[in-house]
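You will see two complexes here that share chain A, one where it goes with chain B and one where it goes with chain C.
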Partner chain A sequence: MTILDSAKQRVRAFLDEVRRLADLEFPYNDSKDALAVLQALFERKLGRLEALDETNDPAVVSQEASLALRSLFVYLPLLGFVLRSTNVRNAFEVFRPFLRLATQVLEPDQPLSARTTRLLLSSEWEYSPFTYQSIPDLPGFVLIGIPAPESANPLLLPLAGHELGHTVWVAKKVCDQVKVGMTEAILTGLTAKFDEFNQYTRLSLSRPEDLVGNLFALTEVKDILEWAVRQGEETFCDLLGLRLFGEAYLFAFAYLLAPGSGDRIPWYPSLTERVGYLVQAAADWHLTPPLDYEKLFGTEVLAGFTAYDSFKASIADQALRAVFPVLVAQSKSITEAAGVRIRLPSEVTRIGDRLALGVPAEHCDCIADIVNAAWAVTHAGDLWSDIATMAGRKEEVLKELVLKNLEVFEFEQLVKRP
Partner chain B sequence: MTVSPTQSHNVLELDSDLASLASQAAIELDNVLLERAGGLSAVGRLAQMIYATVPAEETSWQIHYLDIGNTIAVNRAVATLTGSSTGTQLRQLLERARDIAARLSALPEHEERHVELKDLRAFCLELSRQAASSRRIANETASHPYRR
Partner chain C sequence: MILKTDRIAALLRDTGAHDPLVITPTPELTELEECGAGAVDFRLGTWFVTLKHARMEALRIGRPNSPSSSFRQLTKMQYVPFGTDYVLHPQAFVLGVTLEWLRVPGNLAAYVTGKSGLGRCGLIIATATGVHPGFRGCLTLELTNVGEIPISITPGMTICQIFFHSVDAVNPTVPGRSKFVGWRRPVLVELKLDRIASQLSRPDA
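This part shows the complex of A and B:
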């Protein structure tokens, strides 16, 4: 079998799998739509491979086969994601309210009927929420994975707000707002530590201007900028989650991450810095973090990285610090332009009172109020101990109650819709 | 599903990332060498993408707006084409990249200079390889390219 034959066969097998998945039952059409897009993409790839033959240059055939293989590595996990998005362990009650929020943030200028954002929410087998961000061939799709043991826990919905941030980061071109500032900060940082940079890289640059003129130095600058941009993206996503969900984001963040694993990777801000940035933004937005919130989190070290990596990470950290105010302003202006308000304390109290009675609240205005009320009830101490069927089951009952509240909210939104 | 399995698709529709576009450009050039019918739309689009990567005017601010990843991929592909190092200065690279983009965009559909076609095909292939391998963030080894 030639390289071309096996390449075509692999793509056909992938397409067969797509067709098998398309026969499943889908609670929402968005997952099915994603399959349709992937099918069209791989049919194009197969078509291009089928147009090649033994007369084509072998290197040309090999590269196209290599790209097709690369695509299989990229897209097969997405097929698994689509499959798991249909699993009944997902909290389907969350789907429509969160999709409504996502479309509001991503397409605020479009009328409801013209909004095209599609959402895939899936329970995943990794203990960290994640997203597949702006996959070039799946434009308009937001894919969010929640760890399986928590995928039916509506109190962690704010973390999906962070993951939505990754899509917003690209869609709103937030990177363009900070890249120049970050690059300047990196060049300033490297200029200040020019001798150290020369020692690590052994480039023997004679003057700081060579940092941008010398291609080898430029490659190093690129690496640091990539780390800084990724750190900026994570920080922006934290800020967007905070903006969308208020204090509930801080509670959910601490629930999942505190005290931290102790290890840091350089393209993430350290946990200490992340929390510091969150607390700083919370103060700017008149939100109230829990008392001693920062103390919930431990410090992290760059284990397994070289001294030069630590040096580069410190420069990337500086670049993030330089643009942090821009990220705060961006997350605020994006949510304001979308008409998404911060949680309202009076509503949080009203909804919390209803939940404490064991019933969902009517006439809610946004999911942030509901989720903040749920956290308030969580912190309210002993509840329902005098009700035999609910005694000792506070967390379990509350989760069900919040999911029911989200259903009521969605129903009311649908009824209100013209 | 909005697209049925039997529905036809334009198999020559271009992908938009640099690695795929450069590979499709290499296929088009190969087809010209084989005297097969077909256009040079990917070649034209690739030339535009390279022009976009290397700014037309050099200013002291260009570093801030440069797509450094794509620039470095172009640099490595140029080195393959010329068979030697492109030098160490960004200014030299930008000149050579603009030159390559001009050669790609000036190519007629029935180009008969086989040496030129083969050179540009080799460039496109190398650019595709370099762009594909530079997608990963520095030091990140295990993660999915679009996963955050």
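This part shows the complex of A and C:
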């Protein structure tokens, strides 16, 4: 079998799988639309491969086969993602309310009929929620994976807000707002520790100006900037989650991560720093973190990294600290421009009272209010203690009740359409 | 005594009651007050459960050593969002659920019946119709098409009606113990034989 034959066969196998998946039951069309885009993409790729034969330049054949192979690497995991987005373990009631929120944040200026954001919410075999970013052939699609065992837990919906932040980071070009500030902070940090930098890199730079004048030094600076930018993106996503979901984000964050695994990776802010930033922003926005929130989290170390990595991480940390106020301002202005309000305490109390009564609340206008009410109710020690059939399975019933509340919210939105 | 809808509307309006009747989403209360009916219409929800026939030898009710020990293994859950249809074929049996989440106070009980219009199309709604005092949750519906042509149903349509009646009890505050409380999706639970039936089913009986 030639390289060209195997390349064609691989793409055909992929397309066969796409067609098989298209026969699934799709609760919402967005997943099916994503499949249709992938099918068209790979049919084009197959067409290009089929246009080649033994008379073509082998280098051209090899290049085309390589491109097709690269696409398979990128898109095959996405097919699994689409498949899992149809699994009934998912909380489908969340889909439309969250899509509406995502659309509002990403396309605030578009009239309803012209909005194109599409959402794939899937349950994944990764512990941390994640998003597929920058899929070039799926513009307008937001892809969020929730850990499978928690995919029907509406109390963790705020974490999807964090993942939405990654799409917002790219769409709103937030990086452009912080990159210059981060670069300056990195140069300042390295200048202050110039000798240490020289020792680690053995570049023997004679003056701080060489940090940008020496090509090798500049590469190191860019590496640190890359870490700082990734840290900045994670922090921005935390802030957006906090802005969209209020205290519920803090609770969900702690549920998922506290006390921490103890290991840090340098392109994430340390857990201590992340929590510190969240608490700081919460104070700015008049949100109330749980008492001793920071104490829920342990410290982390950069296990498996070199001393130079630790040094670079410390500089990246400084760069993030320098632009943190910009990130706070960005997350606030983006949500305000979208008309997304922060959770309303009076609404949280009203909805919480209904949940405590064992019924969903009506006339809600913000999913953050619902999720915050649910978290508030979990902290009521005597919840449903007088109802024997519910007291024994409180967590389960609360999830059911909150999902029903989200469905009632959706029902009301649909009924009041003009 | 069956409650007329104006009485039900009055109970639904009394949101500050210690032990209120709640139907969410709330039906149109003015309509309830004016219609003079004896029952409240409930709507079809978005979740359905069917049985996986091919994996099932039999539904052996109450047998502890049943080979099909988990009902979950034998059922398939489906989600049908608003705006889409579910087709119920002749003789098909499916569990559906009400859109409404119901809270029944300690001094009321209810029962579920079909709607005559749907019944005339061959759609039978419920057989186990009693709703006990203290119930909270969505009601599971047993849907069967006894007609000869497929019937298309859609979440949000009115599917059944609920009659409420008052309960005469020495102590109406004693909470109900329904095992179907607190669910948003159709519930199929494993049934156990009661003490007497268990005694009767022992091999040496």
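Here is the rule we use: the second predicted complex is superposed on the first by the 404 of 418 C-alpha atoms of A that agree within 3 Å, B and C clash if a C-alpha of one lies under 4 Å from a C-alpha of the other, contacts with A are read in each partner's own complex, and residues count from 1 in each chain.
Operating definition for what follows: contacts are C-beta pairs under 8 Å (C-beta built on N, C-alpha and C of every residue); 3 or more make two chains touch, one makes a residue touch a chain.
Because the structure is predicted, anything quoted here is derived from the model rather than measured.
Residue contacts after overlaying the shared chain place A:R20 against neither chain B nor chain C.
Of the two partner chains, neither chain B nor chain C is touched by A:K173.
Touch criterion met: A:L35 reaches chain B, while chain C stays clear of it.
Contacts of A:E362 after superposition on the shared chain: chain C is touched, whereas chain B is not.
When the shared chain is aligned, chain B comes close enough to touch A:V221, but chain C does not. The partner that reaches more residues of chain A, of the two candidates chain B and chain C, is B.
Judged by the touch definition given at the top, the superposed model places A:H379 against neither chain B nor chain C.
Of the two partner chains placed by the overlay, only chain B lies in contact with A:V74; chain C stays clear of it.
If you check the complex, the residues on chain A that touch chain B are 19, 22, 32-33, 35-37, 39-40, 43-44, 46-48, 50-52, 55-57, 59-60, 63-64, 66-67, 70, 74, 77, 130-137, 163, 166, 179-180, 183-184, 187, 212-216, 218-219, 221-223, 225-227, 230, 233-234, 237, 266-267, 305, 309.
Per the touch definition, chain A reaches chain C in the complex via residues 25, 27-28, 88, 92-93, 95-96, 357-362, 386-390, 393, 396-397, 400-401, 403-404, 407-408, 410-412, 414.
Contacts from chain B toward chain A in the complex involve residues 1-3, 5, 9-13, 15-17, 19-20, 23-24, 26-27, 30-31, 33-34, 63-65, 68-69, 71-72, 75, 86-91, 93, 121-122, 125, 128-129, 132, 137-140, 144-148. Across the complex, chain A is touched by residues 20, 22, 24-26, 46, 77-83, 99, 101, 103, 134, 136-138, 156, 175-179, 181-185 of chain C.
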